[in-house]
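For reference, chains read A, B and C in written order, and residue numbers begin at 1 within each chain.
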């Protein structure tokens, strides 16, 4: 994965990006830490949240069955998609069935993961990303570089030029002005769209609702104005009760942006009811596996399914701060990406993601559900070192293995160790 | 649910059960695995029901304080007439964004009805539109909401800790009123204040009156005006939702 | 390295009540490259009037192999470590990352070996990082050290997040006569050493180190102190690269300084 090192180098030598990432971490990373302190229960609520999430993951079958039944009772339709292809096919079918011409999308990592946009566009459907950061990178034909702030790598001048070119407006690089130009442009899209597609921050099994958070209001727009709403969720994004949601939504808001609560939280149970003036007439919830059941089956890695995709780990990782999101070469970047991407895309292929961190532990400390990312990185490293049959991992470097075997032999004897030390002194004077 | 859906679900869940090392036939049910937490809710409901006027005043202070951090104006007013007057002033001062002429949209709701906004705004020639009783009226109402300067709603609750309004969706109380106009004004009563999200959820889930209705098809928490910091981390208010928000709290 | 069996000294500062033998785990970086740090540790215990034993057979705790993913090799080193230090009542080590390895990762290495698993757990309770031991076990915060100058402190990752040691080194520094503790920005941010990380991903490591040394320089300190030699090596290298005259010191070296 030479691209990791190359992209990292590019990012490191980009002073604008470095400044943006430093500023982001200073604000959001420190903001989250401060916000955990203002929890009524104190920062240790994260440990309780960990237990709640693990309990959900350990009983995922029960939760999904309950969730599906409740959604159906509420008038929604549930589709279980085992892989990316079937999820995409389901969306395309829904769009075709309802004669959809224009789609508005809320930010959804899962839709990136399955490559949904390209498939819909190939069907001749107009797809507009509506989260401002996602809209910017869609116009620029780039990939997001952060889970919460996808366009953090772009300057106001770049965005100004982009908007001048794509929206046909006079050049301007004032962030409020640019934001309000996007506000105008996207409002047209919201009002005209046939279908809204969103992700799902967290589903609630007992009620059958999904909670979707935003600050911009684009999720509200996309789930209120078009006639059809399709929500896509990773199968692990469900918890049991509203009491769980109370804990998790407060932690998610803090982890993501140091907020007590996100600006907008939509609790969506189903389509519009008789007598309602707005809301979609049809609502679909697509539940996606796409490799998650394999992660679930391995107790070493099951914990990563607790992740609620807040981005808190990105906001404190000193490696991410240098290399930016593109170096990870995948949908999920940052510390969580360093664990999830190898497990979804292949461990040998993603070896730089497994090896390219210092295991400093800042991510574990920042995580609102206290996921032990360093522990799982160490597991991945051990799989690369000695191979692993269950995940089809080849030994990464027989030469390196030989080197460590020699090291081990040296360490077994004091005299050999002293000789080795003298050698070290020559190499590192 | 058709047969294909059923078999998809069965196969999907089977894969999960295998991954978890659980027996093929579903043996566990939701209520066996997940505790009910009923006692916790009763505590919260008791606290809400027994809340004193003084405690509610403290919640109001908290709400005002939290609102300040979010660029959310919270104004305590003695009567509905005061709220109506303030809304009329707001309409006078603000310039329209989505059309040349000013207009308002509002919920059909006893508290909002009592403001008598159409009368209040007559002298400024500002029409106030409320959803009509017929389903066919919905399309026209949406066009009105699209061009309105201010959307006036009430709410079900208001959570002081995070300055969050809680709005269920009902006929006559569409979501677009708090979403499409440039300014969102909410008028609530002091006795709708809650301390925390936990209290809100306890009410929705367990309060005998509220639990019949449940969440409704969409329950929205709104904590301030729309905002984004996606361009160079500069905070801007007014991304897609209302760029300004005011809550008038009537004394109970 | 000196072959010392045990050291007995006349106490300079008596530590009330504590008279148990201490076993020193020197750890490989100090053992092979920085013997002056070992000397400083011994001087500190001399001042405290405590007996220190230093097993001559010791080598490595196995951390480098473990972090690189080579658990079998790490396990072999760990088993030997356990054999050597099993009988020690208290073990002290001037490295947070080594103590973290023993306390938190040793049990994992012996999951299939109940005997060594039990020994690992027991050992984890008896091993301490140097400043952790001085402050939390001996209840000493003033070692009578003297140093004139501004001192900034770097929080090593495993020491801070693995062992939760944050205030102990700072209290010790603050009690050094003539020293002023000046905090740098983001003292708890990783310096980029990361074991073999600095070898495999040198550009990223250097970029992280650059941020760290800029923070050191901006603090106005004369000296940067830490509890882990790996970090200090990294920081020193990059201070030199930037042409800075700021020196790095292991905390043992600072605490061992006196007027004479």
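Note that in this section a contact is a pair of C-beta atoms (placed from the backbone, for glycine too) under 8 Å apart; a residue touches a chain by one contact, two chains touch by 3 or more.
Everything numeric here is computed off the predicted structure, so don't read it as measured data.
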Statement: With subunit A set aside and all else fixed, contact clusters read B | C
Statement: Closest to the centroid of all CA atoms, by its own CA mean, is chain A
Task: Compute the centre of every chain as the mean of its C-alpha atoms, then state which one is farthest from the centre of subunit C.
output: B
- prompt: Just curious, how far off is subunit B from subunit A if you go by their C-alpha centres, in Å?
  reply: 27
Field: Cα-centroid distance, subunit B relative to subunit C, in whole angstrom
entry: 55
- request: List the centre-to-centre spacing of subunit A and subunit C in whole Å, with centres computed as mean CA coordinates.
  value: 37
Field: Partner subunit B, residues of subunit A touching it in the complex
entry: 20, 23-24, 27, 40, 55, 58-66, 68, 72, 74-75, 77-80, 82, 130-133, 136, 149-152, 154-156, 159, 175-176, 178-180, 182-183, 186-187, 190-191, 205-207, 209, 215-218, 220-221, 223-225, 235, 240-243, 245-246, 249-250, 259-279, 287, 289, 293-294, 296-297
Statement: subunit B residues touching subunit A in their complex are 1, 5, 8-9, 11-13, 15-20, 22, 26, 28-30, 33-34, 37, 40-41, 66, 70, 98, 131, 135, 137-138, 141-142, 146, 159, 161-164, 169-172, 174-176, 179, 196-198, 201, 204-205, 214-234, 236, 238-242
Message: Applying the document's contact rule, which stretches of subunit C touch subunit A when the two form their complex?
response: 1, 28, 31-33, 56-60, 62, 64-73, 76-77, 80, 157-158, 161-162, 188-190, 192-195, 197, 200-201, 203-204, 207-208, 211, 233
Task: Mind listing the subunit A positions that touch subunit C in their complex?
output: 5, 8-9, 12, 318-319, 322-323, 355-362, 364-365, 378, 380-386, 400-401, 404-405, 407-408, 410-414, 417-418, 420-422, 424-425, 428
